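The first chain written gets the first letter, and so on, giving A, B, C and D; residue counts start at 1 in each chain.
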Amino acid sequence: MKNIDIAYIGGGSRAWARNLMNDLALEEDLCGTVRLYDTDRQAAQVNEKIGNMYGKAPGAVSDWNYKAVGSIGEALQGADFVLISILPGTFDDMDSDVHLPEKFGIYQSVGDTVGPGGMMRTARAVPAYEMFARKIIEHCPDAFVINFSNPMTALTAALYKVFPGIKAFGCCHEVFGTRRLLAAMLKDIGIAGDASRDDIEVNVLGINHFTWIDRACYKDIDLIPLYRDFANRHFENGYCIDGTWDGSFFSSGNRVKFDLFRRYGLIAAAGDRHLAEFCPGWYLKTPEEARRWQFSLTPVEWRKRDRIERMERSMRILAGGEPVRLIDTGEDAVSLIKCLAGDGTLVSNVNVPNDGGHRGIPIGAVVETNAVFSGDGVVPVDAGRLPRDIEILVLRNVYNQETLVEACLERNEEALFRAFANDPLVHLGIGDAKRLFEMMFCVCRPFWD
Amino acid sequence: MKNIDIAYIGGGSRAWARNLMNDLALEEDLCGTVRLYDTDRQAAQVNEKIGNMYGKAPGAVSDWNYKAVGSIGEALQGADFVLISILPGTFDDMDSDVHLPEKFGIYQSVGDTVGPGGMMRTARAVPAYEMFARKIIEHCPDAFVINFSNPMTALTAALYKVFPGIKAFGCCHEVFGTRRLLAAMLKDIGIAGDASRDDIEVNVLGINHFTWIDRACYKDIDLIPLYRDFANRHFENGYCIDGTWDGSFFSSGNRVKFDLFRRYGLIAAAGDRHLAEFCPGWYLKTPEEARRWQFSLTPVEWRKRDRIERMERSMRILAGGEPVRLIDTGEDAVSLIKCLAGDGTLVSNVNVPNDGGHRGIPIGAVVETNAVFSGDGVVPVDAGRLPRDIEILVLRNVYNQETLVEACLERNEEALFRAFANDPLVHLGIGDAKRLFEMMFCVCRPFWD
Amino acid sequence: MKNIDIAYIGGGSRAWARNLMNDLALEEDLCGTVRLYDTDRQAAQVNEKIGNMYGKAPGAVSDWNYKAVGSIGEALQGADFVLISILPGTFDDMDSDVHLPEKFGIYQSVGDTVGPGGMMRTARAVPAYEMFARKIIEHCPDAFVINFSNPMTALTAALYKVFPGIKAFGCCHEVFGTRRLLAAMLKDIGIAGDASRDDIEVNVLGINHFTWIDRACYKDIDLIPLYRDFANRHFENGYCIDGTWDGSFFSSGNRVKFDLFRRYGLIAAAGDRHLAEFCPGWYLKTPEEARRWQFSLTPVEWRKRDRIERMERSMRILAGGEPVRLIDTGEDAVSLIKCLAGDGTLVSNVNVPNDGGHRGIPIGAVVETNAVFSGDGVVPVDAGRLPRDIEILVLRNVYNQETLVEACLERNEEALFRAFANDPLVHLGIGDAKRLFEMMFCVCRPFWD
Amino acid sequence: MKNIDIAYIGGGSRAWARNLMNDLALEEDLCGTVRLYDTDRQAAQVNEKIGNMYGKAPGAVSDWNYKAVGSIGEALQGADFVLISILPGTFDDMDSDVHLPEKFGIYQSVGDTVGPGGMMRTARAVPAYEMFARKIIEHCPDAFVINFSNPMTALTAALYKVFPGIKAFGCCHEVFGTRRLLAAMLKDIGIAGDASRDDIEVNVLGINHFTWIDRACYKDIDLIPLYRDFANRHFENGYCIDGTWDGSFFSSGNRVKFDLFRRYGLIAAAGDRHLAEFCPGWYLKTPEEARRWQFSLTPVEWRKRDRIERMERSMRILAGGEPVRLIDTGEDAVSLIKCLAGDGTLVSNVNVPNDGGHRGIPIGAVVETNAVFSGDGVVPVDAGRLPRDIEILVLRNVYNQETLVEACLERNEEALFRAFANDPLVHLGIGDAKRLFEMMFCVCRPFWD
């Protein structure tokens, strides 16, 4: 059993951190320590207690030592791996991100990636990420750093801008969802009833949440022509992998995905809610338009309620009223950690700066691509190139995020506004753009001090 | 006097061709023949007669031989220079280009460059340009080819795609207009009352009608800081170089130009009507919005009336009722021809494929840039690079025009629609986009036979 | 057991083909047919017989069907995999390649990759490879094509130039040798006595036989600093992995490798004999200089003798005088075939056109790089970039081989001579270069008919 | 008359400075001050006196104020133009540069550009250039800086590395010499007896002293086919523009130029002595080989004698024993200065960092190219691209000079040796290379303090 040392920033997390605890408890070849740091120290202490319960849960094969610590330096010192999952600001801040723009006719289905919401979230998060990078230089410059927070592209880029030598990458499960859809398709058309996500191999291009698949296979079966038929057959009425999309804020009828395939011939590899935000004129003109495309705009109210439920569940677990149960989380961070620790080789999708293997995208821009994970680190594969019509849609965001991240690192409000006014979702004249910006940025400005 | 041989395609033109006749009559170092070819042979014959009158006009120093010919091959055979100015289709076709999209809430101030109108115009013109290029290979592969028609970028690109060795370039006077504005500014602020357009040196970047100036000087005075003050001072109320913009379809208050400068710090170097079409969400949401920005949408009705007036004027000239009068046209095509014929060196802006000197734009894409004109041909200068935020706006059009031109050359309706649906002006879902496309394309389809 | 269909061009081979037979017999998850085609049909028939004996050898777990065929089309039709290992010309031709240049003071340690010898060999082989590519288009365009013949880079490039959609790659074991050296080092310095080549992970850059390693690890141990000490310690006296280099034409004291490491800080990953040919001024001025660097020039006479021994051994096997014995060949072609057939994922080094992942080398040039082998095909990893001083040494060969391959495909003797005169090994004035060229090319000219 | 302010570093120069004085006295549209700074203050004072005599010479139309100053800061303060022409070290140092390598069989015809000599000269000059750049930042960051010293490429590059915003360029007359050869050719073949260098237009590519012309015209006559015949006709016996090459250290029979044209089809545009140093295996193996190619190796002894003659002549002028006589120097620096001061536009060749217009050469590397000189500054033209076989020869030097300049700026002796050992002229094993380096570098080391 290889002994490793993990620092978890945002260690009070009730989502990503719990998945990690679960998956570590199930991994037989690793053991070690996880130090939890959170600005909400109490949440970290709750997670220390719950984390230490995971090793005792039925089915656990590995018992980790969880420890809430009082400073980020204490968490990082000596770490082999640093995991980051934070909420930039509060859900009230996110309320402003998502719902203020609606007054100007701008609708966002998620509001955490691009658009006015994603940009404000970036503005709030970058100062923290800047600090993380500096602390990593000081305490554990050789550690692998895994970012789980959105906006994934911008925040991973910020880490690299502050510390170009950082060994960071962003992990996101949206591509898994698309592989799951492809497996469901194989069942639906009677080709392989037992195919699972892991049996589907895909080549990944683009950026996080606007990710694309140009090759997909199951064993030696090419899935692209099968998907063509599938997309055409289900385009009108939608195809929902989990029963019905209506009523869920995360499901969809995949009509956006099918429309994009019919336009361009490539599989868009993220949830429809995310994809729609990159093509607002097509899917997000009004909430009704979104419904016609069979996806929902997630209200921040729901997130607030969900948070309370998660807190209550934590309390029940601590009080012994609910057992810790090990599940199949579907995440692969622990498998990647194992490979990076020198045990095995795995190919998975990841968000890292383009080193030339994603042609058509500037060198250094953070892209989503497959990579080989092994003792030699994270080595992206040659992703190839997007078709021209998609490439320009991606580039538009790549360029704007570059301006955005630089503006945040320099605390340059004028440049931030320039990025804001250039965002595809901000279809406003300069006057209205300025008014919306002023209203939204006031909840972010304190983060820039 | 150097004797040269010119072929004029679209030789019945009442605008560009007349300017050329005027300027040739005023050029003392050149003489020769101009062969006029036009699908409207009668118009070419009228121009033959009028052309031959120019050499006799008061002030003329050079007498050229104009000759209407019956085939394009006859026009091209042995030509040193080929000039092209054609109207792709009729003004009724253009009516469809400009006004049909309005039913879907898409407003175009000109409708001949980008947007649904520009694309349809391209679809109609490319087959003709393809034929021109093939005939040039056959009859005069070494001739310099000057294109005056819009869409300038797409049509010049089409010539190069058919005949990569063609010595073609596009000439447009929009940058001259901006240099004129800078000269007016110098007068306005009391620095140089007698500065003229020709005294203003500028560096030119971008593409036709979405052209940018990042350096401008008058003698050794840097004009950028002066323009900054000027733009700020006149942003609210506009500044019209020719009195009032209202009532003219070609003038403007330059508010779009000032807004773009305030956003990006570079001088946009085309008329506001053209610029607005590249940023539709900002200036072209409604006709009222356009008026607030102090420019007009040119109705095609006006073009039809103007055409009749020009025809009547031609008749009067032919009938001796109106003398031919030599004027200062402000065009520089004849000066460029003189340099290319081996007499002198001149630097001017031009539309040619990027050979690497315009960094950030793909090699081979047609850009607008300064070039050295001399016996060695047209050699573009190193234009440098646009700032990132403008570059991506330009790239979006560069990419889309590439798809557009390829689609037209391949007569690929599906690819044409893909370009159409990707155009920034087409802010429609796929269903509406398809409906509009079908309505518009039916007047173009015959051109593809 | 997955059933696959292999075509072997050069199927009379007594080296590569026998290794393949050996490894197929040891692979439990594959079975199928191997069709052997060779211009020496008798040799192919001998291999058919011997091949069919392999499945019966002690330890064999898979029984393949070998069949000598009379035409290349018959071999290729329906193939899933095409393997190519041919000798371009005869050993007498090779005698000319290697030994004629010695009269002009040009010494080659191998003479099959670069230099006058490598170029002439290319000139002889390209017409055959051109024909192979055309036949593959006709008979099995979707097959994976594995090239084993030298010059690896030029011949793989030729396949792609004729058929850009070919799924071809070149396999070479020289990098394995360097990984073996690293494993031996670990034993030598007492860190891991049982480390084998397969435990050593490396990142691979450059081109075949002038390949470079910039990262190497064993589990989580970084091997670069260890190699630095090792190279310094053994630089003067050499370090021979197999006892003594003297007397062997394939072994060496690794002094070239150590010298290159001390110059540039990267591990050169090919045998010293090959490396030396890329830096002739340093290691190959005279045979004595080569000996001082502890490697030998392989005389073609040796190859002729070796060939006879192999033929005699074949006869003994056929006659039952020598049993077929399964060994560990150290090759990995069969493992790669298995992955490509959809069973597993493997990362290995390979020669393929650069798709952008090897920065600093032109897109499309054949490079040696790691790649992921799986049902999704051969996907190169992002190799990164060579340090500037090495990159230019590599580029010089990349550029020259481009001219070389084009010249051969166009049967353009003038361009071939230009490449010849530009080769680093040809340190001659134009007169001598021409004389040598004429003498050497006369044995190649018949191949161009 | 435009009043300008010039700082001259190396103001004691008896060659470049005198040419400048001559040309300024003949320029009717400029007047002003020239401040002369030199480490040899006495030489600067002599030049002050002689300079002030030029304005009074017969034919002078402009009277400049020359002033020797005691510090570089005093010279630079307020300068519009900075001119630099220095000798890095002494002629004794240059003796070591040129003649020490001969002991190792390395022959250099000039020894001031590339090869062991050029590199050592760079090592001595870079610290001074670094200081110049820093002083320019301090005293006149907006001044145009013209470098006349060799190695032109490396020293111009050094200025940009220290001060990326510097407006510097290198001026060299070697291309003029080639244009003069082309004019002589026109006379020789009876096409234009009166053609002068200025009538020959050329497109310029490559780097200083290894410069290439791919297009050349006289009026509308293409000179490339004429040169092909010319080169073939004179290849065997040479063609010397100034009578006989033998006995002159600057003339040649142009056989190297003809050989390069016959190899590659482009006109090499520098003196044969310079060209030969870039292709040492072909022309410089021995002094006899050089003579066969009809050029001489310039002994440093000659330079020492020449220096004394120039000093004596200065003394005679000062003493009134020899009048100042205005001549046609053939240099164009003063014409360029005039354009940059806002008066006129000129196209000339220049050495500046590549901004993308010289495709195939890395962005930022100093190249020789045509540029437009005007009030807008120095704007290089799109040079296009060298053919592959020449490009790689150029690249080899571009890469090595990059290592060289960085090594000198970092005072990194190890990196300097790496560049030294990589130079095409240094065809030595590592041991000899090191020995030669140690011997040569000892005269340079003091410059690095």
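Observations
Basically, a contact is a pair of C-beta atoms (placed from the backbone, for glycine too) under 8 Å apart; a residue touches a chain by one contact, two chains touch by 3 or more.
This structure is a prediction, so every number in the text was calculated from the model and none was measured.
Note on connectivity: the fewest chain-to-chain touch steps from subunit B to subunit C number 2.
Within the contact network of the assembly, the step distance from subunit A to subunit D comes to 2. If you compare B-D with C-D, the chain pair joined by more contacting C-beta pairs is B-D. Of all the chains, the one whose CA centre sits at the greatest distance from that of subunit C is B. The mean-CA centres of subunit B and subunit D are about 43 angstrom from one another, to the nearest whole unit. The mean-CA centres of subunit C and subunit D are about 46 angstrom from one another, to the nearest whole unit.
Multi-chain contact residues of subunit B, defined as those touching 2 or more other chains: none present. Taken as a graph of touching chains, this assembly is arranged as a ring, one closed cycle with exactly two partners per chain. Note for the complex: subunit A touches subunit B at residues 259, 262-264, 281-283, 285, 289, 388-389, 391-393, 395-396, 399-400, 402-403, 418-419, 421-422, 426-430. Across the complex, subunit D meets subunit B through its residues 201-203, 215, 217-220, 341-342, 345, 347, 355-359, 363, 370-372, 374-377, 379-382, 384-385.
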